[in-house]
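Two complexes come next, and they have one chain in common, subunit A, joined by subunit B in the first and subunit C in the second.
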Partner chain A sequence: MRLIGMVQLIGIASWIGLFSRVIRAVEAEGTSLGFEIDQDIDLQGDCNESLGNYKHNCKSGFLSNEGGSETEIEVTETVIEDAPQPTINLRTREDDSIAVKDQIWYPYSEHLSIKPLPKNYLLASFDFDTQSNEFVPGKPSTDFDDYSHYTVFPKAFKPILDQTSTRQLHLRFTRGFWDAESWGRLPHDGFKSGGSGVEIWAILEADSKDSAFRQWKTLVNSLSGLFCASMNFIDGSKTTFPVESFHPVDDTTLPLFDQNKQLYLVRAALANEPICTENLTPLVKLFPTKGKSGITTLLDGHKVFDSSWHSLSVDISTDCDDQTERCSHSLQALVDMVINVPNTLARSENPIPKPLPGDKLRCDLDKPHDAFHCFQLPYETEGSYGLSQLFGKYIQGSSLMSQEPSQVCVDIADSWNTFIQVNGSLFATTDNCFELKDFQQQDIYFESNNTNEVVDVEPVPVYVSRSLTGYGQDRGGLRTVFVNPQDEPVTLIYFESLPWFMRIYLSTMHLEDNPQSPVNISLDDILQSTYYMPAADRVRPTHLEYKITIPANTTLAVSYQFDKSLLQYAEYPPDANHGFEIESAVITVIEPTTYQLRTATLLLLLSTPDFSMPYNVIILTSTVMGLIFGTLFNLLVKKMLPVEEADKIQEGNGLRNKIQLFKSRIMAKFNLKRREVKTDLKE
Partner chain B sequence: MYPTTFKLRKLIGVCFLALYLLLGVPLWYKLTTTYRAPLPIEYIQALHDDRLHDIHMVIPVYLKCDSYKFPDLHKAVQVQVNSLLDTKDQGIPWSLQLMPYDAEKLQDSNNLNGSDYHVVNLVLDEAVGFSLAYDTKETTVFFDDPSIITNDLPFFIAQTLVEHAFELEWSVLSGDERLEVTNSMAISYRPNIHLSISLLTGDGYPVSWEIDSTLKKYFSPLRKFLSPLVNFTVDTGILYYNDLNLHTLNNRQNVTWKDLSHAVDLSELLSMNYFSEAASLNLAIVFPSEQNSKDGFNFINDNWYSFLVPQWGMLTINKYPLKQNSSLTENYLTPIMYQFATDIFQLLGLKKDSQELTSPCITIDSFRRITILQNIHKAEETLWSLVKLTQSFQTMSIPEEVLGNVTEALDLRLQIIDMLNDPLQGGDESWNRALILSNKLVELSEAAFFHGEMVQQNFFPQEHKLAVYLPLLGPITVVTFFGFIRLIKEKPDGKKRHSNGSEKSSEIEGKKSN
Partner chain C sequence: MLLKEKYAVVGCVVVRLAVSLLFPSLQTQLDKSVELSTPMSSYRLLNEGIFLLRNGFPLYDGGVVHHPPLLVAFMSLIEPQYLVALLYALTDGLISYQLICMARFFSDLGLPTWLPGALYALNPLVLLSCVSQSSVIFTNAFTSTAILCALNGNLLTFAMALGAASYLSLYQLSLLIPSLYLLSRENNQRSRATLAVLGVFAALLQLSSVVTGGSWKFLQATYWSQMNFEKLFPNLGLWWYFFIEMFDMFIPFFKAAFNIFAISFVLPFSIRFQSQPFYALVLCIGWITLTKPYPTLGDAGFFLSFLPFFKPLFGYMRCPLLSALLFIHAIILSPIFYHLWVDLGSGNSNFFYAISLVYALALGFILIDLCWSMLRIEFDGGRPNYKLKVTQI
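And now, the complex of A and B:
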């Protein structure tokens, strides 16, 4: 058997020779040894004669199949149309090349938590965590021994992060309105959701601010392609370098690969970016389950973007071990959404909206009602539904590559019941957390006799709203209202980045008189530190950050004025009359708790020209210039005459003269005719 | 009688017209024309038409004989080589420069990294024969005494060198086949290539593979070996729930290569264009899904089968699905890596068929030379396209940078050609330098062609310019020209009056007669 094998090996000896030569050239001892071993690989009997590694392999459990296992290598010339080439077939009667291990798992976990909110809303939070393989920082990828391995961490990120020396990356895609007064705090205390549109910030390692900005440009352009968002429109006029906001909580853990460089925090936001399926699809593709198993099967663009509020977020950070000097990236991706349950159910039942039949109307019985009159009740307080009705899909199995199975947790009050449906039977658990079963189609059911009774919502430390004031197209004002409903003062950092065409006057910043606010309070008392970087036209935005303390149970309104500047003709967007979206202000509460919230975006109306204006201007000025030139030319070129002479000529050429001439001609003709008649009569 | 102003007015009219024509029109033209840098069009056209004949690649070869001393052998071989080369029409002229082995001169360079120059070893043996070395740029020619007596040895050496050692040059440069890339299998040459190795499985079971140790053992040496030519960056990944859509072929009996190429869906692997390298190769190892194809792929007869996908890479399809918690050992991966390492030469264009490389060192050396020439050719063609582009869009601007790139590229080309033509330069280092320079040459020529201000149609066409200026030019032209024409038609004051007077008198006469 061995002999036959050896004879057959001759066919491939030449290419093996190539490698052995190469290897000899590279490393005399270790690798060439490895090569000889390779000639043995499939010859089970050779075990004892081979050297080093292979001997070890032979003993290492899963490979040795005494007696039974025989492997042959055959070199066959397989002719395939268009692509003739030799194919080596490894024929094994009992496979020893693929081992089966006890358990393999990868650092990937997924979790879904569901929480009913008041007024029949439902918050669903998808959480995906994964970690990359370890790598040695700063090693060039063209090194002969450098290989980047990926298992569950998406391949797309590391090259981008390496190229731009990014240590931390945060991406937010958010749309909708979070009703803080009834829903309470934002999920994850607001640190994982952005303002309306796209928001991105990153910590980059660079030797200067300029090179940090260049890397940032590369980063946003790459991400733009990856997530199909218009992040490539982020330029200097939208980018800020935040001073106090957005800083990671523990700054010291971020590694510096090159000690001569520094870390820069860069941020930008696109307020008018629509968030849609094309952003969700690439996100789902980043996960190893690819939307085919586990909770990712629920993520369907139609349902996610049909919700009242939704937020997609991606956070990547670099963690390094000081001792081994190896680093890895960790990625957390979240999809949060608030679903209006009755609306979604109605839509899944009846995709085309139809009026409810009379018997299904829920009338307010306290008010007069009959066949023709009905005051409808605001919303139903009883109900039962399944996740499959809300998402239009069942959960397909669990994530197989994680150490723990995928988990779904439901946070409900006593009047609620929740079950998991597996194979047609319903199961319940005490803590309302369900572990998903492999390969099974599953669903989560909810039922309640009072949907209004939900787990207490956590109070929000501060409410902030911002609005535009004033009228006219040349100036306006910005008014920010801080409401502290708590019994203790709240300290927060207010971050605002305004486009350069809003020229703010910081000197006009003042506290507005408000009957609810204390009388003897001035802005200087509550404002602790201010950072202000004025805008430069088309170069950088206004960057305003201040730390402010809002006294307990107080409402304060801070306002300031700004001028609207005129844009250049080509700077107007295609839908200029829509207005310009001003990105949200970011409020980071630092005391007494940590919390982050964003105001709604604003729509600023600038004076918008009529876009045929330039051509009109050209035509008008050209006409005026033509007129002037024509007059001047005529003045210079036309004949000048004294008035008398001109009158004479005028007489000759005048209208009266012409009429007389015409008259005399007609008369002459008339006379001629008369004469002819006379002569006829005479005849 | 008032003094007549006719002459003065005429003069003013003429002045206006002269100003319009001599100053206005040129000024307008000058101020509104786009800047067009003067490209060396004729030189580039000459390059394109191959009228310059400035390339004559000379490869130095050293003759070494330990047994006998042949003082004139290199000259005799040179004559034979030249006549042999002349038998074929040379598309791109090339020749070998035979020189006696100079131990001292070559020793220095050889010490550094193996062999620098091509050396022919003459060995006295019982019969005549030759062998190409595996690991060095060395040709060994065996000769016997009768061959010296009959003086066959020079011809035999010449034949060995031209037809065997420099076979690639002989076939590519001395044929009708020009440097156009006709190989549909190989990717176009790039100095940096990204290699993606993916393990795809149709299921979501966790699988592992001993890829790192396998690659370090079997692929790193290849990377080092090919490094003068190509630098690889490699990543590996496991993709779940993806069998490249191959389960659709399961119901079919006779699956041909065509069916496979129609069914296979490489989109998920193709869309990974996040790396910075311009070219990429792939190796995908696919396992079927247990759910879709429980008994494996019917069309695969053995355990696995590998296919070459033109300009993409290698596809290895396994028959049976992976079990849960499977781990692919080195034993499994090694043959695939071998196969891939053999095929990579084909994908890189080093060879056209699937035959093995008998003398990879010499082939790579030749391939490097061919690549240099191909790069030069490619750059020339790009510059020619640039010239054609600028000539067909007469109103397109040609920025200064384009001219700079073109000049730099042409200088670089001459520099490379000097290196190629120099018979004394032919060591590894000089070929490497020439290759790097030729890569830069291609880069420069492409930078010139793809300049943002040119190809993005960012220029105003002539009609646009006219439309903007017409409201101004129209009235002024009409006023100036018609005013001038009226001045020409107008008769001098005296004549006019006279003619007016005669008209009037005739009228009066007519009235009287009436």
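And now, the complex of A and C:
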């Protein structure tokens, strides 16, 4: 035990040493951020000459090595100029300054797989796995004699998971369009990518649904801060408790720390939430390499979010050993993206878009072409490029603390060649998997004479698309089209959560008449089970789940109607006329294979009141009400009289009458006095 | 029953049935118009309730269904669409027949008894409301039954009808006050009637609770959501735009104020016109039509069907042309302005709001005019003297 403790201590000490260097490097970089970006572009400008052949020199001025000084790396096929010798190497070198006899490694591994897709697209999948130290379940982490030791498991997560009793956490940041018809299945069969925007679901241990919801609120608010996403806006009106979808394949392995409690699956999504670098940076910081070594060095926000489709995902699960009664968390984080290669290369080559010069145009030679006419070819079929050109960075070293070195695997067809470039030398392997070397600057190169020839894409079991119908802003319809291209029926679970201001009429759900679909089919035949939880205003969304079987080679359209509610003045967002984002529907195929896909999000237009009117409306409505009320009130309480009588009474009460009365009274007095004076004079 | 009366009633049923069956798509179109259907009375929501009930989903666990449970349960028993259309047509025929029966009580008015029934049959507002299959018609049928039974002195049927009307639309409960004046003072008929109506109402609530499996959630979904104006949806009333635009913290206060406003004139009308309780009752119906949170043209049509009974007062009216024009203006322009706002987007919500104000003014002017005429004929002691100029102080 003591030996292990010592080894761990040494490990931590060496870690600190490594980090101080890394931090110094960061500081060196950080002081000249603007400069770095300039250099970035220069670098690509220098490198683009060497696209086809590696014989040209490629100077990199911005990458600082371990010592913090600039190095010049000459990239040729034969000449290798060694990088400065690293001082610490835990795994491979025996003559380290800190001598370590045992190999120290932590449960962390990283993997990058790259797969060219048709039409010059490239799928890059980053995979990071880590595990926490074992802990005793049920022991509160606030115990004064308890200490938390995290090693490589992100320290930020454990307290959140403990506080909210979260057993599984799944977080998805996805944006873009996955072209299933040409790219085939989603990576990881779709189970690791979300709908456009942010999607989160978790399995929580709680006494009741209410306390599960309270824990869920805590969880999403904590994660909101951690990932800089608007997850704090998730409330009851966005949260659902899925019934059939999202459940883990094997429920029995989920540990229950307190046998009196239950597990609750809670889910919410923020449709079309912008995904950007402020979400990626916290994700990269979760890994022990922190974007400074290994494949994480490639994860640059500019490039990741420039891609046609990208998905960041975090999955945390809790695994327990029945015998030892100890548990550990495991974390898998994935970054998948589809890069449009010609676009990305053109952008790094030429940041300001300009029209191609005439000699660079690729004209269709079968058609008439001269200096003024050119029918462009759709896309280039020959290509050679490096990852550094796509990501704007080189891979810096490997991951030091994992047992296996970081790995990059490329899945290519025969017409492709791929190499790893280490210190200017190119190497190829038989299985196209490369192990990254510590402290070396590396790059992966691809070349092909027919980029269209790629490894066969696996066909998607079902295509699903959803759209809004109708034109008014007070009501509409939802149509979901299921296309089964296969020769066998597909059974799937359709999950949909709609905001409360979309009041759906489930009674109007029907199969649309479609010339392609069989005539004699009815919804009852193919619908196997339905779960429906109607929306409650401002409290919860509509929650609809149904299991449906799509017959072989069939296209079906299921549609239903809904009403759009008006909102209160203050409930409209500032850009009310932009519309409201409706989160995507989730389709989980359960037979014949397992696969998950999501439809596109929708934009719902609601009718809006006039936002400049509050005072006017209050005044006008009150006036009308007051007018009617006042008139009726007067009618009922006043006395009815002929006009003449009323005039007389009115005269008796009128102001003029009163003045006259007053005047006559004064005159009377005055006359009296005058008369007295006169009588005096007479006397 | 006279031949003309028979013609009126049968004509009423046949016209409605013919329109419903000849133009089946008209029902859905009319049901979508905000003038004829509200979230509290529309047929498609009733249909949704029937669907949920048949498929075993909880009816009031959510904000979709606002119809009372017994109505949903009853309508779920009527299966094919033509039977539903027949039910609505027959209910309207019943109302037209009851209007004829009421006219018999006022034979001294010089009003042909068949006329109110025939006018009801031809009234386009009621006709469209019936074809749209809005549940307002059931409230109207029970209300007119209650009035007829009060005139008859049939206490038991009166109590059941008014109890059912209040069960369908809570604001009808306030009609109990004017209708008490219709009943004779003999042998405690009034107190017995009050108890009976409240008893029937409570029994219906209890029965609804049994129907929905012992839960009282329907109270919130049906009555509270109506009084609290929970569904912000455009209609011809005064409430919707006011509560969309109102500042958050004042909303509870104004909801209370509007609710008090909605029943504020029931007691004054009843007391002031207690010598003419039938007319007081009609004025109360008019007032509730004007002030309730979710009014439809069906309510207004029902109120206007009682206008023939005011025949002796027509000479006293001060601005019949103005109110008539305002009313026509409102009902013609409201679908157009709503279309401009919601479908075309070339107008905004103020267009429809302005029309709802005009509609309120039209109904208000009609009420004011009727009220004035009542007072005026009272002043003249029943013998009209149009030349005498009268004012109020």
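Just so we're on the same page, the second predicted complex is superposed on the first by the 515 of 683 C-alpha atoms of A that agree within 3 Å, B and C clash if a C-alpha of one lies under 4 Å from a C-alpha of the other, contacts with A are read in each partner's own complex, and residues count from 1 in each chain.
In the analysis below, contacts are C-beta pairs under 8 Å (C-beta built on N, C-alpha and C of every residue); 3 or more make two chains touch, one makes a residue touch a chain.
Values in this document were obtained by computation on a predicted structure and should not be read as measured data.
By the document's definition of touching, neither partner reaches A:G358: not subunit B, not subunit C.
Judged by the touch definition given at the top, the superposed model places A:W500 against subunit C, while subunit B stays out of reach. Once the two structures are overlaid, the count of subunit A residues touched is higher for B than for its counterpart among subunit B and subunit C.
Contacts of A:P459 after superposition: neither subunit B nor subunit C is touched.
After overlaying the two complexes on the shared chain, residue contacts for A:L566 are found with subunit C alone; subunit B is out of touch. Once the two complexes are overlaid on the shared chain, A:P368 sits clear of subunit B and of subunit C alike.
Look at A:K639: by the touch rule set out above, it reaches both subunit B and subunit C. When both complexes are overlaid on chain A, the residue A:S607 reaches subunit C alone and has no touch with subunit B.
With both structures placed on the common chain, the touch criterion links A:P288 to subunit B but leaves subunit C unconnected.
Once chain A of one complex is fitted onto chain A of the other, the partner contacts of A:Q473 are limited to subunit C, with no touch recorded for subunit B. When both complexes are aligned on chain A by C-alpha atoms, subunit A residues 618, 621, 625, 627, 629, 633-634, 636, 638-642, 649 touch subunit B in the first and subunit C in the second.
Residue ranges on subunit A touching subunit B, taken from their complex, read 12, 14-19, 21-27, 31, 34, 38, 41-42, 57, 63, 73, 78, 80-92, 95-106, 141-142, 144-152, 155-157, 159-160, 163, 222, 226, 285, 288-290, 292-293, 397, 399-401, 618-619, 621-623, 625-627, 629-630, 633-634, 636-642, 645, 649, 652, 664, 668, 671. Residues of subunit A that touch subunit C in their complex: 471-475, 500, 503, 505-508, 530, 532-537, 539-540, 561, 563, 565-570, 607-610, 613-614, 617-618, 620-621, 624-625, 627-629, 631-636, 638-643, 646, 649-650. Interface residues of subunit C, counted against subunit A in their complex, comprise 32, 34, 39, 44-45, 47-48, 50-52, 55, 57, 61-64, 230-234, 238, 240-248, 251, 261, 264-265, 268-269, 272, 290, 341-343, 345, 348-350, 353, 357, 360-361, 364, 367-368, 371-372, 375-376, 378-379, 388-393. Residues of subunit B that touch subunit A in their complex: 2, 5-6, 9, 12-13, 16, 114, 134-135, 185, 192, 196, 203-208, 211-212, 215-218, 220-225, 227, 231-242, 256-258, 268, 272, 274-276, 302-308, 310, 322-332, 334-335, 338-339, 341-343, 346, 353-354, 356-358, 360, 468, 471-472, 474-476, 479-480, 483, 487, 490, 493, 500, 504, 511, 514.
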